[in-house]
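Report on one structure; see the data block that follows.
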Amino acid sequence: MRSLISILDLSVEELDQLIATAKDIIAHPENYWDKCAHKKLATLFYEPSTRTRLSFEAAMLELGGSVLGFSEASSSSASKGESMADTAKILSCYADIMAIRHPKEGAPFVASNNATIPVINAGDGGHNHPTQTLADLLTISREMGRVNDLTIGLCGDLKYGRTVHSLIEAMSRYTGIKFVLISPKELKIPGFIRYNVLEKHGIPYTETDSLEEAMPQLDVLYMTRIQRERFDDPYEYERLKDSYVLTAEKMGLAKEQMCVLHPLPRVNEISVKVDDDPRAAYFRQALNGKYMRMALILKLLEEAKANPIREAIDTSDLEYDRVCQNPKCITQTEQELPQLFRCTDKAADIHRCIYCEQRA
Amino acid sequence: MRSLISILDLSVEELDQLIATAKDIIAHPENYWDKCAHKKLATLFYEPSTRTRLSFEAAMLELGGSVLGFSEASSSSASKGESMADTAKILSCYADIMAIRHPKEGAPFVASNNATIPVINAGDGGHNHPTQTLADLLTISREMGRVNDLTIGLCGDLKYGRTVHSLIEAMSRYTGIKFVLISPKELKIPGFIRYNVLEKHGIPYTETDSLEEAMPQLDVLYMTRIQRERFDDPYEYERLKDSYVLTAEKMGLAKEQMCVLHPLPRVNEISVKVDDDPRAAYFRQALNGKYMRMALILKLLEEAKANPIREAIDTSDLEYDRVCQNPKCITQTEQELPQLFRCTDKAADIHRCIYCEQRA
Amino acid sequence: MRSLISILDLSVEELDQLIATAKDIIAHPENYWDKCAHKKLATLFYEPSTRTRLSFEAAMLELGGSVLGFSEASSSSASKGESMADTAKILSCYADIMAIRHPKEGAPFVASNNATIPVINAGDGGHNHPTQTLADLLTISREMGRVNDLTIGLCGDLKYGRTVHSLIEAMSRYTGIKFVLISPKELKIPGFIRYNVLEKHGIPYTETDSLEEAMPQLDVLYMTRIQRERFDDPYEYERLKDSYVLTAEKMGLAKEQMCVLHPLPRVNEISVKVDDDPRAAYFRQALNGKYMRMALILKLLEEAKANPIREAIDTSDLEYDRVCQNPKCITQTEQELPQLFRCTDKAADIHRCIYCEQRA
């Protein structure tokens, strides 16, 4: 039995298999109508996220399963001080698989170490959101006919945008990928992506602060939102924001064969006038998210059936002598959790919390 | 594909067909157990309304379908600033039909212009609530054996009560209908109902401030709540309120064959002692609401199957030079919506916002 | 048709039958997959309780039924001032059985007197929580192989802990039961349990403030939480609290064949190190709760089918001349409810409110 906490939990072969399953579901939905009969998905949403929650629920319902859960922390036992571990054990009594959204980084990982059913990370703080990346991959595959040999532009907040980081990690394992990183200097890609992913794997990338300049070379444009609160200087934000808004005019600079993605919800970073452009793929992307979640639920339930024993956490090389300083780490609110670190890069002497993966 | 935004979207023939379907469901519920197998209803409730939401959910479940959604805005993406249009597009990926309750008038209309699935207005501010009117019509039909040739008393807040306005609009298209309008002078029926519906169609009506006087002539009594906050003068409210409370004593003045309706929830405008009177139809009315919602869901899904293309909005004669002043209009919160008006009465030079239908 | 408001509504024979049904469900779950097809459970949770709500929902889903409802009062019509009686009548239109959690004591009882479907009390204030007791009974039966001839230790807050009171009431009707009451003096068992249950039925019991001393003789240990706010003197709380925490060390004093129960959620009154002890039964207890709720739903629906008429409330000997002073009684918030008392002990001249069962 496995859980999905990070997109890196899945091999390239597994990603390809999920994409293939999703396409088969799209082609023959009726073949999947009873696949999860008598199965239940628990949706544990400790912070609201309608889109993600309803996508999971729709996925399970289209597989013939049923759904229970909660949509905000205040209706949950967490408000009574129950630990994530206990909640995971209890929910394992009520459901066959669970999806967790949590403001604290590492919470789904803690759940997966205590549940007796598979756990899917539906977003934990600014950390991981692997099913969004699954949606992105299927969208690229369906829109472009391939997931290799693509120039992918990533635009907006590349510093904090977890969907961007996750997509880079996933795509870096395919061949022929080039990235164009488009952002204001305040929001450039952080070092752990630049060095540990891009440079480590020798992935070519260029950086620019101009969406217009980047536009003509892109096969895929991944838009994200730039938030005012990320800027120290509000004038700087005002000066910059419009250059990262995708307009019909900027779409005029793009290839005829390309696609625009956005994790949604958008606020105003893509003009509604772009919506009718056939290259605007972001609403289809939401639909693809449902199909990939269906494929994922099927895969994890099959694995759990074949092997109901939880994959043991690797306890070798754990380090017990550090304390995580990340205020968004689950260890901050659940203080009975043991502080555990692991060295992820011996040469650079980098140690990371095993829950939130922040550096010590 | 059609949506239901206002009760006037349905012709008299369609209303009669919905009533007939509802009666057939009541007679043979088992024939409908699988009608919506593999179909999903999304309930988007931006403000709480247990009764209406659960009635929709029960309706879909009794048709063999399933349900997903949210029950208040705080658990939705609206709190992240997503537009109604985007939400409608996304929800179209997750469900086959959706019911929307929204505090802003015109929100379901905006959704229906962007969704690729049918939209049912489950109440938008003080504007429309067509499925309540469907419940009212079935109740009148079942209780009285007809929807024609009836004297209908409407009692209470006739000024702001949207269910009253909607019922007048619906019943005015049947034959032999007379209205008795029973209210304090502060809460009389507004001009757009008086002139544009009653007088325009030549429907006979009388007005009175005495429920007791009206009682003996009524075939149907539709009670609504009088709210303290509607009165400028609190003493006036105190003086009046009891005369609009339906008691067992007042029921003694009524015909033996008649029925009492109320959209519920009631607070104290109908004494609980009336509940056991066989003419008290308001709890059966709630049950009828479920059956009419079943009939409506079936009808809209059948139409969507026969013709999946959304009915285009009529763009002729739109006027672009006015701004809606209604603080409850959806254009107040979603400022990217184009301000659109239409002349609804050339002689009187009346122009109405196409979203909330308020006069310019 | 019957409802379940208090565990005493069920005879010992009925408890045994429910336990037998639950065990059959565990042995042959597939035999129950369609038992509640086309049936709906309404979950009316006026205060959050994820565990209980999801347990009910999982139970209904595993019987092939479906679920609708709400998980907190703010999303319900209660916020519009609707009475419990009216809500019960309306929900009877939407569902076949309902489970109610309410902060006010007696609310499910009021619902059961107005609903036309069976009502299950899912916890009303500090009053009753009968399905927790059902979970406890099945757990004892499965862990120990019997529900007779047991020494049962009850530890912690015996004064306010409703699950403890309910378990004593239920177990007192079996043979060969001894209780060991383990608590600080501030939280000793209250008089109405001591005199009206234990002494009245001649059940042997001892009292101690030492969990360690009690440990060796116990077949069952039922742990509950001690809350700081129950103590007048915070130093007293600090001094005492650790002695009522169950640790691996204290487990070392216990019999090899025994079991530890806890209604959950636990905060820290059981060390997580006890979780792996085979005698720690509290997570299995949560699972058992689901099976007993399945058995209960089946039983009540069968009874309702055989006899759809609501069991009349016994109106003999009602007393109309007292007013309930319990601030948590449903009569405090629903003032149109008639104040009704009944003499429960003529010798001692004890009169109790029929809703919350508090003494006049």
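Read from first to last, the chains carry the letters A, B and C; within each, the first residue is number 1.
Please note the rule applied: a residue touches a chain if its C-beta (ideal position, glycine included) is under 8 Å from a C-beta of that chain, and two chains touch if they have at least 3 such contacts.
None of the values given here were measured: they were computed from a predicted structure.
K.L.:
Which chains contact both chain A and chain B?
P.N.:
Per touch definition, common to chain A and chain B: C.
K.L.:
Call it same or different for chain A and chain C: same when shared residue numbers make up over half of all numbers used at their interface.
P.N.:
Comparing the two copies, chain A and chain C contact each other through largely different residue numbers, since under half are shared.
K.L.:
I'd like to verify one number: the distance from the centre of chain A to the centre of chain C, where each centre is the average of its C-alpha atoms, in whole angstrom.
P.N.:
41
K.L.:
For chain C, what residues touch not just one other chain but two or more?
P.N.:
66
K.L.:
Give the list of chain B residues in touch with chain C in this complex.
P.N.:
33, 45, 48-51, 54-55, 57-58, 61-62, 66-67, 71-72, 264-268, 272, 283, 286-287, 290
K.L.:
Report the residues of chain B in contact with chain A in the complex, numbered from low to high.
P.N.:
Answer in residue numbers: 38, 40, 42, 66, 68-70, 74-77, 79-82, 85-87, 89-91, 93-95, 336.
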